[in-house]
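Below are the structure tokens for one structure; questions will follow.
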Amino acid sequence: MSGFDTIVEGVLLGGVYALFALGLSLIFGIMRLVNLAHGDLILLAAYLMLSATTALGLPLAAASLLVVVTMFALGFVLQRLVLERVLGDDILPPLLVTFGLSIVIQNGLLLGYGADSRRLQVGSFESSSVTLAPGLSVGLAPLTALVTAIAAVALLQLIFYRTSLGRAFRATADNPAIAQLMGVNERNVYAIAVGLSLAVSVIAAVVFGIRASFDPSIGPARLLYAFEAVIIGGLGSLWGTLAGGIVLGLAQAIGGRINPEWQILAGHLTFLAVLMVRPRGLFPARRA
Amino acid sequence: MSVESIRIPASREERPADLPAWQIRVGTRLSRVAAVAGIMLVVALAALPAIASRNLIQDLIFVLTMLTLAQLWNVLAGWGGLVSVGQQAFVGLGAYALFAGIVMAGLDPVAAIPLAGLFAALIAAMLGPLLFRLEGPYFAIGSWVAAEALRLICAQFKSLGGGTGMSISPGELSQMFGLKAVQALLGLRPAAARDVLVYWLALLLAVLVTLGIYGFMRSRHGLALAASRDNAAAARSVGVRTARIRHVLWIAVAFATGMVGALVYLQKARISPDAAFSVTDWTAYVIFIVVIGGVRTIEGPMVGVLLLWGLVTYLAQHGSLYLVVLGTLAILIMLFMPKGVWGAAARRWQLQLFPTQRWLGRS
Amino acid sequence: MTALLNVTALDAFYGDFQALFGIDFELDQGEAVAVIGANGAGKSTMLKSLAGLVKSRPDSIRLSGRAIGDASAASIVRLGLALVPEGRQLFPSLSVEENLLIGAYGGERNSPWDLAAVYRMFPVLKERRRGAVTALSGGQQQMVAIGRALMSNPSVLLCDEISLGLAPIVVEDIYRMLPQIRAGGTAVVLVEQDIARALRAADRFYCLQEGRVTLSGRPKDVDQDTIRAAYFGA
């Protein structure tokens, strides 16, 4: 496998990581909430997709729509019933509640679905490849992941910068008390944000679940990758998060090329290195 | 009601006679009773191996080591504001350092324990400056990433078992300091004697750590730490060296955590990266103990570990169910009883066995 | 005729600390009322209570007869009461135009104040509509803050120290807009430390001192000494 192939693989992998990271980045940005259950929620979405496609027998598109709506609703309710009560100046309660949630979801999935690895079956899509240029052939699934990531960021940017809701998000992130004076209902804004985050995670789950097999215990690793992508990219910028994901993907691909056992470690070390030399990330948004 | 009091000496020689002195009281009568009861309990626990079954001793090792880890996490995260979700790093490092010491350097296992702690402390000292660039919740995940990185690094050492791990043969442990004495004293075979030895060391460590933390929180350094957590800028403005205190605390906690890791894996005599660096075993349980028991109290983790023990014993046969229960309980407690079981009881009935709050009053 | 805004025996607390003690206050349609007082007298607290940032007994504040003392700030804006907060408090992540647009988020009506109307009143904002609010001068930021509040088309506009930190000539420019605002059907409450300015612009006034109303009336009916005594609490 040539060096160029490694780069391509890294970039495509980065697309998946960016998708993991988007939901997390959204909640950081609007609510300053770190959701330790983020990875496990992605897994939950993956398992719901599994049930929708196998037990309910729905085709991929319909299943995705159903699960997106379900997860959005779940996020909304989660915020209103649970997370809302612990938001505040003390960092311990939200961390502990989301950590508890992580454990509950992981083990709940274990009890419900068992520990065996599963995968979303979508026929030949998984293994087809597409030729982009002479000599350059990439897997269709990973390419879709990258394209989806870019589309997702573009869509979210659209929401944030061209809609009334997006203005409300940004204003609430700046100053929740004054945003209320504008008629923005803070509680609903947060609930929509969490719902949106979970909906985006469904996209991540679908893309991921097609490509690789999953089991209930791999949630936390997704959280760590998502987190690393956000920090490497820089806080406050969705395009930055995409870039961060790609950097992480590249680091892992290169590390894995040198020694397959070093793939994940290379990612962690890159994260720590970025932290050392550029603590604010590579592309932080300038906050006035 | 009699109280222990700490008298502040008058700073000026000529103080008007009719001006009352200010006192800061820290003790209560209940705490004096509790102190006596505590000493009796420790003595009873020490004598326990004479009559207890091996299973009970092993259970108590679990309880004592989890309690120690919980007290340490409590002082770091509860009082110190350094919410780490990566303390499993130091458990793992201590455990691996112990194994390395025994297998590669031929050290006496008991002597290797404090060295393992030192190794963990060393790594903590190196990681600290890096991780402290992250604030609050980011620090939490950052510490988790660091733990994962360390797990993966340890898995690279084939001489220590690589990814699948290794065991230490009983032969290598048979010459352990004190083992023969325990065997003779209680008439036990080497493996059971090792359990008892580890048990006593765990008891010692738990007592030292608990008293150490208690003493620290009663001292002005503990007060400085709590102030730094509440409002770092305000604390600095009165001369508290916030960064320094946090650094020292972080390293000290890593030292003790490393020793716990070494102890646990000395008893198990078998190590693997996934087990030694497990988030569930060394962080999830610990956090739940502290949260459910009562954060920012010394008594809280004690209550929490007993609850955990009961829960694990009672639900053990149901597999992951008890983790679901534990997690749900932690969430509910955080939502509705944020001071934990002990915190709520203490507030209701004005209990303080290990009082750390200061009361300002006139003499 | 019942007043547009009717405040009866309003108390306000920050935790255990009581900031307002039984304030009585009235505002009729189309009126401009000044609230003056020294620092800490409770003027801002009063406006925050009216706007819903500080909660009080439901019936201590009535807007068009409706009890709003414990209503949420977001719902009070929908009912037609808007606050221009002390210190402007614009949203740094939003452009000038976006800051104005978000003001309309909670509004039930979109006339007479829409983006075009605000730009007609403050032409300089139109030139800089896409820019960052942080690049504006103090006076221009104050214009944005006022425009933002007007975008919800309130029947009551509360202005918390809009002259604070601004040069006199700039303050003149801003106060010159008041008649236009009133002409649009909005009653105005002006909280100021600058007594002369406030009394010139207002039909009636209240003076607050340590959380209580010490004097109220028409500016022309009261002399300097009486005001001074009420202001400082002789």
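We call the chains A, B and C, going by the order they appear; numbering starts again at 1 in every chain.
Methods note: a contact is a pair of C-beta atoms (placed from the backbone, for glycine too) under 8 Å apart; a residue touches a chain by one contact, two chains touch by 3 or more.
These numbers were taken from a predicted model, which means no experiment stands behind them.
Common neighbours of subunit A and subunit C (chains touching each): not present.
Taking the mean of all protein C-alpha atoms as the reference point, the chain centroid lying nearest to it belongs to A. A centroid comparison over C-alpha atoms places C as the chain most distant from subunit B. Centres computed as Cα averages put subunit A at a distance of 44 Å from subunit C. The centroid of the Cα atoms in subunit A and the matching centroid in subunit B are 34 Å apart. Centre-to-centre separation between subunit B and subunit C, using Cα means, comes to 55 Å.
Chain contact summary for the complex, subunit C toward subunit A: residues 51-53, 72-74, 77-78, 82-83, 85, 89, 91-94, 98, 101-103, 105-107, 132-134, 148-149, 152. For subunit A in complex with subunit B, the residues that touch the partner chain are 33-34, 36, 82, 85-86, 91-97, 99-104, 106-108, 110-111, 220-221, 223-224, 227-228, 231, 261, 264-265, 268-269, 271-272, 275-276, 279. By the touch criterion stated above, subunit A contacts subunit C in their complex at residues 164, 167-168, 170-171, 173-175, 177-186, 287-288. Looking at the complex, you find that subunit B touches subunit A at residues 77-78, 81, 83, 85, 130, 133-134, 136-138, 140-142, 144-146, 148-149, 152-153, 155-156, 163, 279-280, 284, 287-288, 291, 295, 319-321, 323-324, 326-328, 330-331, 334-335, 338.
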